[in-house]
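Note that chain A is present in both complexes that follow, paired respectively with chain B and with chain C.
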Partner chain A sequence: MANADPKQYVGLATRSKEGPRLATGQGRYTDDFTEPGMLQAVFLRSPHAHARILGVDAQAALSRPDVFAVVTPEDMKRDTKPFRPGRYAAGLKKPVEEYAGAVDKVRYVGEPVGAVAARDRSTAEDVLESITVDYDILPANTDVHQAMAGEDASLIYEELGANLAWQGTLEYGDTEKAFREADRVVRENLKIHRYSSTPLEPLACIASFDRFSKKLTVRTNTQVPENIYDALRDALSLDDIRVIIPDIGGGFGQKIHLIRKYVVIVALLAIKSGRPVKWIEDRNEHMMAAGHACEQHFDVEAAVKNDGTVTGLRFKEIDDVGGSVSTLTIHFTNKLNNLSNTYKVQNIRADGYSVVTNRCPVIPNRGIGKPGMCYIWERIIDRVAQDLDMDPSEVRFQNLVQPEQMPYTTPNGNVYDSGDYPGLLKRALEKVDYPGLKDEQAREREKGRYLGIGVVIGVEPGGRNAARDMAIFPEMKETPGSGGINGATIKLEKNGTIALYLGSPNCGQAHETTTAQVAAGILGVSPDVISTTTPFDSDIAPWGVAAANSGNNFHLYDIGSIIGAATQLREKVLKVAGHILDAQPSDLEIADGVVTVPGFPRRKLTFAELGKVAYNNQALLPEGIDAGLQTTFYYTFPHAQPNMVPGKDGRVRAQFTFGAGAHVAVVQVDPRTGKVEVLRYLIVGDNGTIINPDVVDGQIYGSAAHGIAVALGEGFVYDDEGQLLTITLTDYGKCSTAETPAIEVEHAPSPSAFTPLGQKAAGEGAAIPSPAAIASAVENALEPFGVKVRDLPLTPERVWQLIKEAQA
Partner chain B sequence: MKQTVRVTVNGRLYEEEVEPRQLLSYFLRETIGLTGTHIGCIIGECGACTVQVDGTLVKSCLMFAVQANGKEVTTIEGLADGDALHPVQEAFINNYGFQCGYCTPGMIMAADALLKKNPDPSEEEIREGLAGNLCMCTGYMQIVAAVKEAAGQVNNG
Partner chain C sequence: MIPGAFDYHAPASLEEALSLLSANLDDAKVLAGGQSLLPLMKLRLAKPEVIIDIGGLDELNYIREDGDHIAIGALATYTDVAESELILSRCPLLAQTAVVVGDVQVRNRGTVGGGLAHADPAEDLPAAILALDAELKATGPDGERWIPASDFFIMMLTTSLMPEELLTEIRVPARDGYKSSYQKVSRQAAGFAIVGVAVCLKESAEGVCEDISIAVTGMTDVAFRAEKVETALRGQKLEDGAIASAAALVTEGIDPIEDVNATPAYRAHLAQVYVERTIQAARAR
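Take a look at the complex of A and B:
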């Protein structure tokens, strides 16, 4: 077909479509909406980490005229059903019933126990005080090692008989042989702490229920409509559900999982009161109960040849999953996504242990288990280098998958689409003048100034496969689906403008801008005449299992469906225009929204003229073609086989595209205070074909900044009683402009062999290797003290302790 | 007991009956319907609610509406001159100095106040000047670039 060029606007930093709205205060977030008669809800939350609920007395609250509805544990049990176990709880030996709110017990501080809907928020807050809960306080379990030793202080789920709630193994290749034949075995214990991306906009929801049609509508800032849709169906036994998702003030995974609890309870308040009900989470509620990234403990060992080749990796992972079983294995199974990172190793074994504790449940957070997996690899490679007295970058070069091996199948069944890992690493080292930097480090050390260089590399997987978790749960009763499906709708309107409708929500990744760039080239119009309709509305959005602002899905599923829908619309435009202009569709050209017959300047039709025919003038339409100029296309990844559904060998495509990045961190550590200053942070990244460089850079800057902050001190701290000590952003250690280092990015794209534009993901990316880069740099700086970095975060206090411990 | 407040917001006078405990942020968002001022913490930590009161930077969650009585408040909605965006807004758009946009109104109000005080800030001064406004998305790089660009425009223009 003539002159359709999907790449015409690809690679350009076109003007942001969201920008004018967001920079003028015209963004529309959930809290900006009101509904007629709307009530405000607040939650009653557990002050205890672990307690039995003996009774709840809400009589005083219920008898107040300004209170419209109250939900208590009794209501939860009577009026709702427990959630279905879902893909991350499939490994439970005995079923555990989890309701949206606590019923018999509370298992973490902040767990929702009840809720009140009143005319306004302050009334609802006052009323909370009048609800009394009789708790029988139980010993809190906050130590995973105690649970591993079978010394549970008390059982969190009696039905499971232990707080070690799940264990399982993934094995690929022959690790026993690799370790038997190794020249040496390098071992290390590592730990990543609890943290979160703390989106600036807290969780939010407005629910309304039409009691006659039984239709429930929720407007909420979830990243994944399916989670809300399924949760409402399961908990409230409703089928007719509409999920509307307006602008979202940041997601990062925080708005995927536990948000469903609140939406269900707010919906129940709406059903009971017969009024729309709004709920806006407080910051401290968010910190306590909206979910944390998992504290992960790793015992790692690598089988190594004397030339630095790693022939096998074994690790034992203990996850502190908090007071819920619904995300029991999420951090473990996510390691399938980057299990072998950028390396050639063929033999890997992972033993996973999930321990429930009296802390906040864990949830997906930017990369989920992937930063942990990258941490395992990059820390152990550094250890191998130390053991063999090699340069850490040399050991990496020795083990990297080579560009000529692409597409490359990893031992666990991922297929790396393209990439030049040695090239990325080489370029990064060149850019920082690695030998020069090492000389400078040596010179400065003499003067008592401790510089450190951390060099790491990591893959960035993109585009989720819904069947991944069946690799550890082949017996899963309800399959979670497989591959990925998501759609888009494009409409040429009567005035010649183009409206896009996407199948998934977005929370700051410029989907409106980038989809318009791609559609514009295909349709032969300027991106300026294209608008993307928000909010997401499940009633009209063409959404499927991949409709998620999560899993780096956008580049694959949304871009794929936009290309499909735009291509179909173009074909239709040409058919209708060809009929009217009396020309073969294949002879026509489109530019600037005008269809022309080349060589006949007067035979042309504008998109506006076509629009008027398509919607108004049946007589001018060709035979056998539907009226209207609207197309909907559901995309599936055409290269999802092999390994889309795991077989007996557990091999599975966890994700479908693989970008990568080499990171270099240069730090200075003050041994007297333990303070780490990041002097330079460089990323050479492969994000495939870049659609909009400013957007991609923004994703890299943001994800790197977060990974760096996580490594240097951001995080949640609990006391032994399970009380969270970091309930404000300040206590939590959120970084401002003052603490965040400048980040340099250079692009070295290897376009994907599997995607229409060669595009890969950009989103989670730099959050995956950056904690490892900082750990590596700090350790390198403190080499003269003999410091080994095993645990994160590296707060000044912790770094100071490490120096003292090493000197002792 | 409600109290009457007279507050000029973005050049328009509002006379409203408010509860003495109502925060300025809620007054702006709920009483007069200007939802561009956001709330991220309500205790003065995040800066999402930043506005200018008589030209000074204020976190509107740290001020009661009654304290704004007789004062002039500028919010993000009052920065553009009709259809013409303010140079700071324009620079944020040009540099993709936002992602989810939730911090953006407060960030722009803070950047504007910074440039009014210091029309030619160094990178360090920009970073210090915006340290009261948290952004969870961007890593601040493009925000700093936007402020630099806006400074250039303010100077040249």
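Take a look at the complex of A and C:
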């Protein structure tokens, strides 16, 4: 086709479309909307970690004239149905019914037990205090080992007969042989704690119900419209549902899963009261009950040759999944996404144990199990280096997949599309002058100043394949979906401007800016005349099952569907214009929204003129061409085979594109206080073809800052009774800008061989290796004290203790 | 996160504020900058039925020189104190402390009188007030009285102010010729002090400690003077070893609090390290 160049604006930091609006406080979030007669809802939540609900008395609340609806466990049972068990719970021996709210028991502090809709928020909060719940308090299981301990532990789900709710194994290659033939076996126990991404905007929802048409409209800040849509259909048996998603104040996975509980209950309040109902979650509620990343315990062993080659990896993983089974295996199966990280190892075995506890349920969170998998690899590689007295970077070079092996199929069936891992690592070491840095470290140690260098590498998977979970659930009879599908619609307006409708909402990926850049090159217009329609509205937007804005999907599915829809629109534009201009469509050119016949300067047609024809003037349309200039395209990843659906060997493409990053952390540890200061943080990253460097850098800064903060202290702390002690951002230890080091980024892209622009993911990559980088650097700094870093987080007190323990 | 209902009064004068307070002794809270009270009300940990908003009383908003003293109105904000030329030149410890309270918004809105009267155990300013031997003016229906800083903080969230009294002024002696520093450990830059140490000292040309006062906040339910450390150093040459061994005395007889931020053992250790470091930081100024 003539002069369509999808890459015309790719790689340029074009003017941000949503940035000025969001940065100046002009974003329109769920809480910014009101509806006539709207009520305000608050949730009644469990003060106990584990208790049976004997009864709820809401009479006092219901008798007030300013209270319009109350939902109790009785209402929940009568008026709603349990959610369908999702793909993460497919391995349960017996199905467990999970309603939107607690019905018989509460299993974590903050679990919703009921809700009130009142005239205003203050009234609703007053009324909450008048509702009495009769609880039979049960012993709390707040620790995985305690919860697993057998008969003495009280059962969180009686129907499961044990708190170890699931157990399964993934095995690829011949690990027994690898360990039998190893020169040495290196072992370590590791742990990652509970944390969250703490988006600045907590969960939010406005539900309204038209009792005549039975149409339910919810305005909510979910990342995944389909989850809300399905949950409302399942729980409330409704068919006509509209999901509107305004601006979202951060997602990171926090707004994918548990949000459905609240939307269902708020919708029920709207149905019962006959009024629109708004609910805005508090920070404390968000910390207690909106979902945490999983606490993961790992027993790791590596089969190693004396030259540093790792020939096998085995690990046992115990996951504290909290008081729900709906995300039972998510952190374990996500290990499939980067199971072999950047390494050539062919033999891997993972034994997973999912334990329910009386803590907040776990949810998808920036990389889900992937930071844990990278932590396993990068910590054990450091141990191998120590064991063999090699430099840790040498052991990595020894084991990296080589660029000439690309595309490279991993033992579990992932296909790495492109990449130069040794190149990334080499460049990162050059940039920090690694030998010089080591000399400086040695000199400073003499003076009592403890510098540490952490060098790690990790892949960043992108794309989505729900069939992945069949690898651990061979009993699953049909796939829970497979691959990823996402739609986009493009409309050439009558005035010649372009409107995009995306199948996914924007939660920080700069949809509006980035999609316009890509569509502009194809359509031959300036990105300035393209607007992405917000808010997302399921009544008009195409569906997108991959539209999760999770799993790093935007680059693949949204961009793919935009390219498809724009290409089809261009074809139609050329056909209509060719007919009017009496030229072959293939001879035409488009620039700045004007179609021209090269060599004939007067034969031209603007997009506005075309719009007039397409929507107004049947006589000018070519025969056989429908009126209108609007196209919809549903994208699927064309290279999803082989291994889209796991066979008997369990091999599966867990994700489809693979970026990578080499990270170097330079820290200084104050051995007296345990305080760690990050002096330098460098990432040399491969994010494939970069569409907008400002946007990608923003993604990297944010995810690196989060991973570093996770390693250095942010996290949830429970007491023995299952009370959460960290319900504010202060107590949780959220790092502020002042604590966040400058993140240096150098791009070394290897364009993907499988995607239209060569693009790869960028949203969660830096959060995957960064906890390991910090752990490595702190351990390296404290080498003279003999400190080994196994567990995160490395709060100053923890580091101080590690030094004391090592010296004892 | 919405406070319960309350009656709101914005008195036009100190006199009116005092009579409102006397009329509502059991159920009133005084609102100044609101940086401590409002979060508690939003969490419904505080549910006052009456709010007396003294934020508009300009008569309590001043910083002025009074001979060898500096008088600070209770409604001066942390920012006012941190940026006052007078305080920076004659009593810099107050400014050094005020400038690390909370974040910019808290410092712009929060008042020194409000913060001191709230008596949060992790508040920074009590350490400086104690180290400076400040006096606090309580004004009640029967007139004024002066309370030495050492008698002001009774226990967590409790001061020696009577229910019908307002804290109206803080009076600190000028410390010409002294060196000072406030250093704190907090998880975030804007965080409360896990341990905060204020030091004000005077040393001779030979490095002999002529006078020193040290106060510690965040450690126990009220800030305290580290008298044993002071005694050990007064008249001594301020050498590293002497400072370190004196600093170790800070935890003698002290039972540090435990919370999610630190165990008692770590708090005690931090207090020793930070007393030492704050003395060194003061000397380096």
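The rule is simple: the second predicted complex is superposed on the first by the 800 of 808 C-alpha atoms of A that agree within 3 Å, B and C clash if a C-alpha of one lies under 4 Å from a C-alpha of the other, contacts with A are read in each partner's own complex, and residues count from 1 in each chain.
Assume contacts are C-beta pairs under 8 Å (C-beta built on N, C-alpha and C of every residue); 3 or more make two chains touch, one makes a residue touch a chain.
Nothing here was measured: the structure is a model prediction, and the numbers come from that model.
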Open item on the list: Which partner chains sit in contact with A:122 here, chain B, chain C, both or neither? Use first/second/both/neither.
Closed with: both
Open item on the list: One more residue to check, A:733. First (chain B), second (chain C), both or neither?
Closed with: second
Open item on the list: For A:317, using the defined touch cut-off, is the partner it touches chain B, chain C, both, or neither? Pick first, second, both or neither.
Closed with: neither
- [ ] Would you check which partner chain A:672 touches, where first means chain B only, second means chain C only, and both and neither mean what they say?
- [x] second
Open item on the list: After the superposition on A, what does A:797 contact: first (chain B), second (chain C), both or neither?
Closed with: second
Task: Winner by number of chain A residues touched, once chain B and chain C are compared - done: B
- [ ] Could you look at A:98 and tell me whether it touches chain B, chain C, both or neither (first, second, both, neither)?
- [x] neither
TODO: Please work out whether A:417 is in contact with chain B alone, chain C alone, both, or neither, and reply first, second, both or neither.
DONE: neither
Open item on the list: For A:282 in the superposed arrangement: first (chain B), second (chain C), both or neither?
Closed with: both
Open item on the list: With both complexes overlaid on chain A, does A:698 touch chain B (first), chain C (second), both or neither?
Closed with: first
Task: Touching both chain C and chain B, counted on chain A across the two superposed complexes - done: 122, 282-283, 730, 734, 736, 738
TODO: Spell out the residues on chain A that touch chain C in their complex, using ranges where they run on.
DONE: 120-122, 125-126, 282-284, 672-673, 713, 717, 725-726, 730-731, 733-736, 738-739, 796-797, 800-801
- [ ] Give every residue of chain B touching chain A within the complex, in rising order.
- [x] 19, 21, 29, 34-43, 45-46, 48, 75-77, 79-80, 85, 89, 92-96, 98-105, 108, 126-128, 130-144
Task: Contacting residues of chain A [partner chain B, same complex] - done: 13, 15-16, 18-29, 31-32, 122, 197-202, 247-252, 280, 282-283, 507-510, 694-695, 697-699, 701-706, 728-730, 734, 736-738, 740, 742-743
TODO: Within their complex, state which residues of chain C touch chain A.
DONE: 1-5, 43-44, 185, 187-192, 260-263, 266, 269-270, 273
